[in-house]
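Both complexes shown next keep subunit A, but they swap its partner, so subunit B is in the first and subunit C is in the second.
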Partner chain A sequence: MASFLMDGGVAVAKMFNAIVSADTLQATLDSVSVLVDECKIHLNDEGLEIRAVDPANVGMVDLTLEAAAFESYETDGGLIGVNLSRLEDIAGMADAGQLVHLELDEETRKLHIAIDGLEYTLALIDPDSIRQEPDLPDLDLAAHVVIEGKDIDRSVTAADMVSDHIALGVDATDELFYVDAEGDTDDVHLELDREDLIDLTPGDAHSLFSLDYLQNMNKAIPKDAEVRMELGDEFPVKMHFDFAEGQGSVTYMLAPRIQSE
Partner chain B sequence: MGNADLRSLASLEDVPFEELSDSVVAVDAHNWLYRYLTTTVRFTSDEKYTTSDGTEVANLIGVVQGLPKFFEHDLTPVFVFDGGVTELKDDEVEQRREAREAREEKLEAARERGDSEAVARLDSQTQRLTDTILTTTREVLARLDVPVVDAPAEGEAQAAHMARQNAVDYVGTEDYDALLLGAPLTLRQLTSSGDPELMDFQATLDHHGITWEQLVDAAILMGTDFNPGIDGVGPKTAIKLVREHGDLWGALDARDAHVEHGDRIRELFLDPAVTDDYDLDLAVNPDLDAARQYVTGEWEVDEGEVARAFERIEASVVQTGLDDWA
Partner chain C sequence: MRLDEFIEGFDRDEAAERRRLAEEKSYEITNHLEDVERQFEETVQGDALFGSTAPEIFVGRSGYPDVSTGVLSPMASDADAGQFATSGQWYRDGLGIDDVLQRRTGMLNSTRSANVDVSDVWDGFVGTQREVAIADHPVDVEVGLDGTPDLDVSFDDIGTPTGPRARATNADLAENPHVPRAVEKTLEDDDWQAEGAMNYLYRRGFDVYEVNTILSAGALGQRRQRTLVPTRWSITAVDDTVGQYLRGTIQNCNTIDQTEVWYNEYMGNRYWVLMAPGQWEFELVEMKAPESVWNPTGQTHYLASANEGYEGRTGYVEETAGAYYASRLGVLEHLQERDRQAKCLVLREVTDDYWAPVGVWQVREGVRNAFEEGVARETNESDGDAAYQDQPAVAESFRDAVTAVTEQLPVSLGTLRRKSDMVAGLQSTLADF
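Right, the complex of A and B next:
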């Protein structure tokens, strides 16, 4: 789906009426709420898009969910601003398979949410009051790794036992992806070669990241997802995965820490 | 510390930290340190910064707590330390020493009568920059990779010189003398909680329609660290006198007054001892573990007092932002 974020001067949405499964809605909200409390949702015929960066400008998310991922989807396009944790709480009231009905009330600027007889009216936020969306940095990252979500989870969980930061790298010569975490006393090292990975495009890469951020992103990455990771030498990392049976996609970007010699 | 009456002559405006990002400020180290030292001592109990052998290093808490403000706003500090004491200032140093002794006596008396409020107030006033304080400050700055410059004489004069050479963007000091030293842009209140105050040299001259020399002459008439002022001459009169009579000498003739070493005092502001022999490595790459170990290990500072500040330094310096790649 083409990005429509950069059109500029987007008006506040007037009409939005959609039905979506609770799983898809929860996955969407969780992917964004690990970085920010509030976000703007861009609506158009093709679906919705959310782009947000955390207040410290360290982690970014770019999410799209196609109209086809909804049971029904109607909008005349535009923007709405939401408080993510509130919306997450409401979505959490639904069982996995249940449907959530979302309908915008243009007059009151509220979102009516209905889940199997439960009705909730959520006050929306003025999109202008929400932090401006970031530009996507244009990065040329040498190493590409396609890895299972569960391997990211293993790496992050193990690293967290010894340190608050983690190095991700690719050894182009030995053709392997590695993870390093050095603590005050203990260290963690993990290597995954071509066999262990879904795919690998070798290139020399080594960058250090804050585990706080990576752990939060990890929470939103499904264990069975194929995650395409792009890495460089002291560069941000990009992690891309699909959800909602390929009709939703998330790209995370995380700025590195400076490596002290 | 400069004549506070200069404030009424200075062009000042508040400037939010956001507008200062990506710039470099040469900080008058002694002035900055003194402020943090007095606030630390006033608000922190002394066991938090006293080593087991009784050495007080409140400065280490002050330095660590003071630095995040720069880093979080992408403002790179360069700390400029004083060299020798300017000869003419000996009188002032002597006066300060006497004042300090008087305060120490009052402090002792307050302790005896158990007046804890007076003790806290006087305690902070009797703080001075001891050799230990200066050495340990330099050591922690070195571990945090914060650039340091040694002035041949006054740190403030050196900082102003570096700003005039465009080696740095601002001078950071509370002292209004930065204006007399020709510092183009001076940031005040870097140690306070609100927005800094920007003091603009050229705007000050333009506002009064005078030259740098005339500003210095007016200040000498009002009184500086190096001379008492002429009786009855405040800021307005001083400006009027230099405008009407051209310079210090004309003004003194008109008032039938005399300033001892007038020409030498002028030189201290217009042509102070400064050096071009300094090396600025502005890429700050701190060794936080070493700095933590130095402060809480070697100098036994209470960890709770500095943990949050170290975290803030770490987050702001070690972590890059995505906008660095935009």
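Right, the complex of A and C next:
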């Protein structure tokens, strides 16, 4: 799917009419709302794309959802701005497997949302009033790890018991991925070797991260997802996973806490 | 690096001597309380009507929403009541712990229990108390007392100590208090949220001490929500609210361009403020010496810390309590003055010279005055030279600054790293890569 984010002056969307399963919609919104309260959604023939960075410019999400992930999908392209927590609340009214109908009213700049007879009209936000989308940093990260979502969950949960931050690293010599957390008195350490991981491209890497951010991102990562993690030495971590049966994809990027300066 | 010129640790071998002095000081206070009792007997007239000038009020927190609420007034009839109210002036006057205790124990807290819901109460005891709180000068009051006062001193880690207490039957104004116009404005507007009104008063030049008293009396906020606010809570509420306002004003400022270390020492507390270039981030780490007042039985230093990132905290701090908000206010005031943001780490060492808690104002003034240019204070007690502190020490990097300061600290770098998020690592942004 071609990225169209960097094209200047994207027009406000005029037509958008789609039906999507509640699960897919909820997964999409959850992945973004862990970082920001409002976002711009880019619509085009091939699907939708969201890119957002938190106000501190520490955590970033880049999400795409292909048109094929929808039951039906029509748009003439463009941009809408939404309040994510409100849209999340509405989507939360649907049961798993139920369908959600989204239709943009061009005149009123409102999004009509219908769930099995329940209708909700959501006022959209002027996209220009939403924080500007970030450029994707071009990072050359030495170590690549493919890890199960549940192992990220385990690491983050254990680290949180002792500390507010967590070190992620790869030992290139011993070919293993490790997690370290140091608290006032207690420590947590976890090692995963080739056996425990889905894949490993060794390279020396060690970076410290704020657990607040990682915990939020972890909430949106399905436990059974294969997460491709890219790591460097005091560099941001990239975490990539698919959802909606491979028709949606999310990349998180998180800036480290710097130990050496 | 110019850090080494900067702080000499005081000699720890003198600890025993200092404890002995501290004990003597506490006996001085006992003697002082006897004087107070005598003064009280002289002051209270036959019908137990006590005429005095009240600079401050006190609202207790136990039993909330039915709390003990009082008017504080000095018992010595010739006293300058204004000097008895907690303020930054106490620091500028160089008050020590014993001075503070003397002032506070010299004030009678005439209390009554009252419900905190005071939205329309401007008469009776609570009404008088509220008038005292919003006035810009100490107010003459007459208090009817029920029985003799209880000569005791109560301490709190946040509030300033209070002295003798007596139950009041009634209180009346003996003059028409003068209320500043800005306060009248916040009072009259019954649809103004307390946070906004606090910040308004602060911007109009009221220091947090005055705002705190006004808030405590239930004189700010939307009419239906106006309640008496326990003194302890209102101190932290004002520090936090004004701090959030100040943080908002610096979040888009440029950052400072070098790593700075500022230092101050006050009442047995030592403060290092480390500021590094970058986006706002704040942390307070406290190291409390064994046998200091909040760690009386400990064998080692008791450590506590709390921190916030660029956007601030979502919950109340779990450790360090009011000291966190008080020290953050001092740092933010300094940054706002410079129109800069920075990553700020405050290290507070509580030595065993801090033998009685005087309230969180001591932390606020200790940090505020770490930055004061031209306000020369001795940074070194152990020799006669007056080492004046009006410029920061400058370090190559935050890491260098931490390493150098750690040499002065009672804990190791390793211990500090485990306790401090900022020492473990400073938060970078995606734009840095």
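Convention: the second predicted complex is superposed on the first by the 259 of 261 C-alpha atoms of A that agree within 3 Å, B and C clash if a C-alpha of one lies under 4 Å from a C-alpha of the other, contacts with A are read in each partner's own complex, and residues count from 1 in each chain.
Assume a residue touches a chain if its C-beta (ideal position, glycine included) is under 8 Å from a C-beta of that chain, and two chains touch if they have at least 3 such contacts.
Every value quoted in this text rests on a predicted model; they were computed, and no experiment measured them.
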Task: Overlay on subunit A: subunit C relative to subunit B, clash or fit - done: clash
- [ ] With the two complexes superposed on chain A, say which partner A:Asp224 touches: subunit B (first), subunit C (second), both, or neither.
- [x] neither
Task: First (subunit B), second (subunit C), both or neither touched by A:Val53 - done: both
TODO: Considering only touches as defined above, state whether A:Pro256 meets subunit B (first), subunit C (second), both or neither.
DONE: both
- [ ] For A:Asp95, decide between first (touching subunit B), second (touching subunit C), both and neither.
- [x] neither
Open item on the list: Looking at A:Glu182 after the superposition, I want to know if it touches subunit B, subunit C, both of them or none. Which is it: first, second, both, neither?
Closed with: second
TODO: Answer with first, second, both or neither: which of subunit B and subunit C does A:Pro134 touch in the superposed model?
DONE: both
Task: subunit C versus subunit B, contacts on subunit A by residue - done: C
TODO: Using the superposition described at the top, list the residues of subunit A that contact subunit B and also contact subunit C.
DONE: 53, 56-60, 134, 137, 139, 210, 235-236, 253, 255-258, 260-261
Open item on the list: So in the complex, the part of subunit C that touches subunit A is made up of which residues?
Closed with: 276, 279, 303, 307, 309-311, 397-399, 417-419, 421, 424-433
Task: subunit A residues touching subunit C - in the complex, by the definition given at the top - done: 53-60, 134, 137, 139, 164-165, 182-185, 208, 210, 212, 235-236, 253, 255-261
Open item on the list: Using the touch definition from the top, list the residues of subunit B that touch subunit A in their complex.
Closed with: 285-288, 315, 317-326
- [ ] Could you pull out which subunit A residues touch subunit B in their complex?
- [x] 53, 56-60, 134-135, 137, 139, 210, 235-236, 253, 255-258, 260-261
